[in-house]
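Below: a set of structures, written as structure tokens.
You will see two complexes here that share chain A, one where it goes with chain B and one where it goes with chain C.
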Partner chain A sequence: MNLHKLSSRLCPTVTQKFRHLQIQSRGQQLEAVGVETESTEQNPLSVFRTSEQDPTYHSERHTGQYYTLPAAHIQKLFPHGLPPRFQLQIKTFNEGCVMVRPPALELISYLKKADYSKPPLRYILYGDVGTGKTMCLSHALHYCYTQGWLIVHISDAHLWVKNCKELLPSSSRPSRFDQPIQASQWLKNFKITNERFLSKIKTTQQYVWTKRERTEKGQPLGELVDQGVNRMKSSSDVVGAVLRELRLQAGGATEGEGAFKLAVAVDGLNALWGKTSLKKEDRTMCEPEELTLIHNVRKMMKNNWSGGAILTALSQTGSLFKPQSAYLPSELLGEEGFDNMEPFVPVSVSNYNEKEFESCYLYYLDRNWLQHSHSRSEEGKKELIFLSNKNPSILERLCAFL
Partner chain B sequence: MAASGCRGVRSILWKYGSYGKNLFVSRSKMVPQVKCFLIFKNLAAAGPQKFTQEFIDKQVEEFEVGKRHLANMMGEDPETFTQEDIDRSIAYLFPSGLFEKRARPVMKHPEEIFPKQTAIQWDAEGRPFHFLFYTGKQSYYSLLHDVYEKILAIERHQDKMRNKGLFTSDTKQILLTGSRWLLKEEIEENLVENISVQDYMRLIQLMELLLSMPYCSLEEEFILKFRKQLEVQSSKYEIPALQYDPQGVAFSFADGRRKSAKASITLRDSGSGNITINGRNYLYYFPVLQNREQLMFPLLFVGMSGRFDIEGSVEGSGHSAQAGALRLAISRALLSFVSEGEVEKMRQAGLLTADPRIRERKKPGQEGARKKFTWKKR
Partner chain C sequence: MCVSLSLCLVRWSRYNPYYLDPDPSKDARVPESELSPEEKELQELKTVSPIKAALSSDTSSAFNDPLISKFINMMMQDGNKILARGIMTQTLETIKRKQVEKYHKSPAAKREEIECNPYTVFHQALENCKPIIGLASVQKGGKSYQVPVPLTDNRRRFLAMKWLITECRDNKHRRTHMYEKLSQELLAAFANEGNVVKRKHDLHKMAEANRAYAHYRWW
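Showing the complex of A and B:
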């Protein structure tokens, strides 16, 4: 035990690996013991990594610690889902490490306890800019993925309401507009994430796309998705069809080979009810309802189906025409959005507390990200605390040039 | 009373009359560590006497009488009426809206107003009074002669002591800390003569020589005439009072200004390190890193970064100026929580100095303050 203490004081990284090996060989029981003894031993070198890779088993014990997302999972689950800066970080550090934080744990515990025969519960993650809402959402989604749910993940709804190059009038309904590029992109990502479900789920009705193309009843969902990917013109309608199918079949135990739970995750929820920056051909502003994609997603938000959960996060950074100080659901969603989403379970996300900051700092030190010699000292740490006010994104940007 | 009042008023002299003619403004380039801006008059260039000695004496008399009248007018005791009281009374009786402080009405002793000037240095037959007149700088060389006399006197004293056998090297030394040699311009003012840089260096060398002798304390008074005391800067700052909350938490208020931005803060000793500005968190009020660094500097310098809660309000100007104003306000508020030595350190770090830079005025005939219109050769 003494040797353990000495070695851990000298060389934190070595002890991490040592503990990792130890646990892998001896199993879960010792892992619990190992973690506790580490945290009681020395506070300055507090533990910032946990070897518990499965989000199912994350608990309050693990708050503030980083766990690694397996690379295969990242590729499948988050082809488009993670924030761009985090993707850069994954590339630089060669690993994707996510911090376990109380809001995510809260969300996961709700998901574990929820009753899936009833209509889905809506969870909204809200908080100030840069506090980690998208990351918490990703953590919860990882949990759903490991549990084998079907994931419908809209990484940023704001991308659908602004900067669209092509806006086609809808083929099916005259008053709506299609966004073929965004829709086909999303369908591709959906395919990557949920490959194994595509052959199992069958369509319940016939869909007619054009005079020559139609999808029959009873076809696997994969075909529907391919239809959308190949034919850009009808891709937005395909999205609508896919969502409808999933809504009808989620949680149903009688269809096909077993039930699946549906997780609908939307980041940037306020885009659905806000304003768009798109213009129609006669130069008037587009309303969100007039966009097919938005309309379909709104239908998903209603809790008239069962067998899943709706996880959402608000976002001020991409939002249009909202002041920077707005972060509460009522401010960002607006009246219409709020009425539509009610009742929901709010989960607030805030800046790091002492322990979490400590862990983030140690993680950066471990990865040799903080190159400046002053940043390793106590003084430098105090400066970092002050300058970032323990806000995750600001801290990350600050450390990027150190 | 009215008549005597008039007489008193007549003795008040407008300074800018004599000021404008003999003004010779120079920064002291020779001694770079002295940063004060003194106005030096080139006295020797004025030429021989413009005002006779009787005229000056009469002015002094009138000034004294006027002083007493002024004291009576203000209802104060004429015996103990100081120059400060005179200034105060004049400012009260003659309120002036002029921005230039030197152009306002002033009543000072004629010695300060009329420049020192040389009396006529030769008699009716044209023979000079002083034996060094033909050197051209008679006062300077006579001063050098005096200093050398003193050196010789001390050497004689030393020899006497040696003869008696009472010679000791460790006699009382003159304290020179906190004072500096007079500048060349100040010496010129005293001698009413122009001297060159080499002359000045020679004089200082001689004084140093005088100081290096063991028994120099005999001439202490003479030497101190040539030294000027430096003011202790840090005693000028008024430390804001430390007040206590009902819960016993110490807090203090302070203000700060920078370039038309005004800030006022409350510094509370509660121990969390939150900073709220105009109701918002400082992270969102100052998204720019540089401004947050400005806020951080005083706290980090004193080493109390996580200790205080700051509540501030700031208005005016731009984001950088607001950050600068807040920084000054924080440093001032910290004075009441910090020891004397730290105050001096803060002053030397420049935390307590108000930045005097202000937007320069646009001049007519130019695009801006400095930028000129396009210059066309023809």
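Showing the complex of A and C:
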């Protein structure tokens, strides 16, 4: 690890050249490749890895380089948030490395410059299948976590609209349906991520769950969350209450102690306004509006609160009744969703360019992942480019068995 | 690599015996100067004689492995090559994951002994499963005896693959996937342990026990 710090000290000219770079265009990235090659002769490792572990300091000169997610952060921040193949990769390589890419840097720069006394900005990450939307979202969330924000992370909204074993009619409202298992699972994960906030935030109103159970005004949020985890029947309503409390209190208090910024991250945003595959007891299809969890998350998506940001990513892979070629926000969200989310800031995520592909290839070589002798040659590399079209997920699946 | 005029002993093969096998690899065409006189004759023959059609599963890429293709064909059921190939790739991936995980967790001294390449693991495991001598049933004087008999290379390869596949299909828990069980068996065979190697040893012991009948073989 000392080698990386040595290399950045050895070439100070590189940092000066990059200070005036704007948000990248192709020509400038090729320039970046040209300048980087000076450092490669001194230290080949520094081309694909960076020693900068804090997302706050990531900038354009780190594009295409991998930074390591500290293991403690992964455990706390992403108990459920990372894609399953990436979790396998973490387990195999004994480390979690994320590539710094332009869409994530763009998102982080917007988060740095935004005004948090105004209503939250809504960012939507969109792109073709397997281009890295969830990973960019995770990178931005890591930034929010290191800055001490409160994180509300729904790792995949599609899981709430399909394959639900228990669908109970809601205890509080007649025409709604509860999903106790999903709600309590989410509350557990929320508790793991935001432990230090649970004792500081107090409820503003009394909540009555049953004849004998109620949460008084002024109780810490932790009690509310425990109520939902222990009593599965009312867990969906607890989720609604928690979200409401956070909405009311985010950025509200001006003293240093109580103020916090709220990051709402939803992956698979199109599930909120699509169709479900769940059926009611009279065997008619359920609308997403009739599910308590979905209804509450939709309320979070409106920008009638202040002191935070809403980061979302679309996803076709888990979506229901959408063709595989659909990836634009208007196609996936539908009319209703688009109208609800407008105005938003779209961030496009695309396949790797040459530098990023090079970086990924070198990373796999370093981790001893590309074993086939032909894949280590120039021709093999060209074959990999051809077969995967530099799509991150296809490349990952290809290299898995080579 | 030997290129011979193959006698088609394969059943139901409709090609005439003088048809040659296709060689899709990029190094098949070698310039004239580098060939010895016999190989020059072979090249002459290739320009004149007809060649069989190439299978759609053969590629000119260097990633193409004939042993793996043969194994995929043997695993295939009802012509579902996509499923068989998927299982094979998942097996190779699982083997590589297990070995690479072990590699990264072990200290630097032990890292060189761990074989991470799933292809070498597969080839070595198959070698370890191949029997050297087999048994054939010979009838003599109204009674049939199990006679120890040498096996051809093709027969040995076939037996190794067949044992591996039947072992993984039969002796696994209902909920274990084929690729998981296959990867476990291949890693065990690589280390000369496991049920398939045990079956090979049993065959050798039977052949050793029946060596008295060896002269019943007339071929």
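Just so it is clear, the second predicted complex is superposed on the first by the 353 of 402 C-alpha atoms of A that agree within 3 Å, B and C clash if a C-alpha of one lies under 4 Å from a C-alpha of the other, contacts with A are read in each partner's own complex, and residues count from 1 in each chain.
Just so it is clear, a contact is a pair of C-beta atoms (placed from the backbone, for glycine too) under 8 Å apart; a residue touches a chain by one contact, two chains touch by 3 or more.
Everything numeric here is computed off the predicted structure, so don't read it as measured data.
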(message) Just checking: does A:Ser325 make contact with chain B only, chain C only, both, or neither of them? Give me first, second, both or neither.
(response) first
(message) Per the contact definition in the header, classify A:Phe93: touching chain B only (first), chain C only (second), both, or neither.
(response) second
(request) Would you check which partner chain A:Asn389 touches, where first means chain B only, second means chain C only, and both and neither mean what they say? (result) first
(message) With both complexes overlaid on chain A, does A:Glu379 touch chain B (first), chain C (second), both or neither?
(response) both
(request) Pick one for A:Gln371: touches chain B only (first), chain C only (second), both, or neither. (result) second
(request) Check chain A for residues that touch chain B in one structure and chain C in the other, and list them. (result) 379, 383
(request) Provide the residue numbers of chain A that touch chain C in the complex, in ascending order. (result) 88, 91-94, 367-369, 371-372, 374-375, 379-380, 383, 400-402
(request) Would you pull the chain A residues touching chain B in the complex into a rising list? (result) 128-129, 324-325, 379, 382-383, 385-389, 391, 394, 398
(message) Looking at the complex, which residues from chain C come into contact with chain A?
(response) 61-63, 89-90, 92-93, 96-97, 100-101, 103-105, 116-119
(request) Report the residues of chain B in contact with chain A in the complex, numbered from low to high. (result) 273, 280-284, 289, 292-293, 295-296, 299-300, 305-306
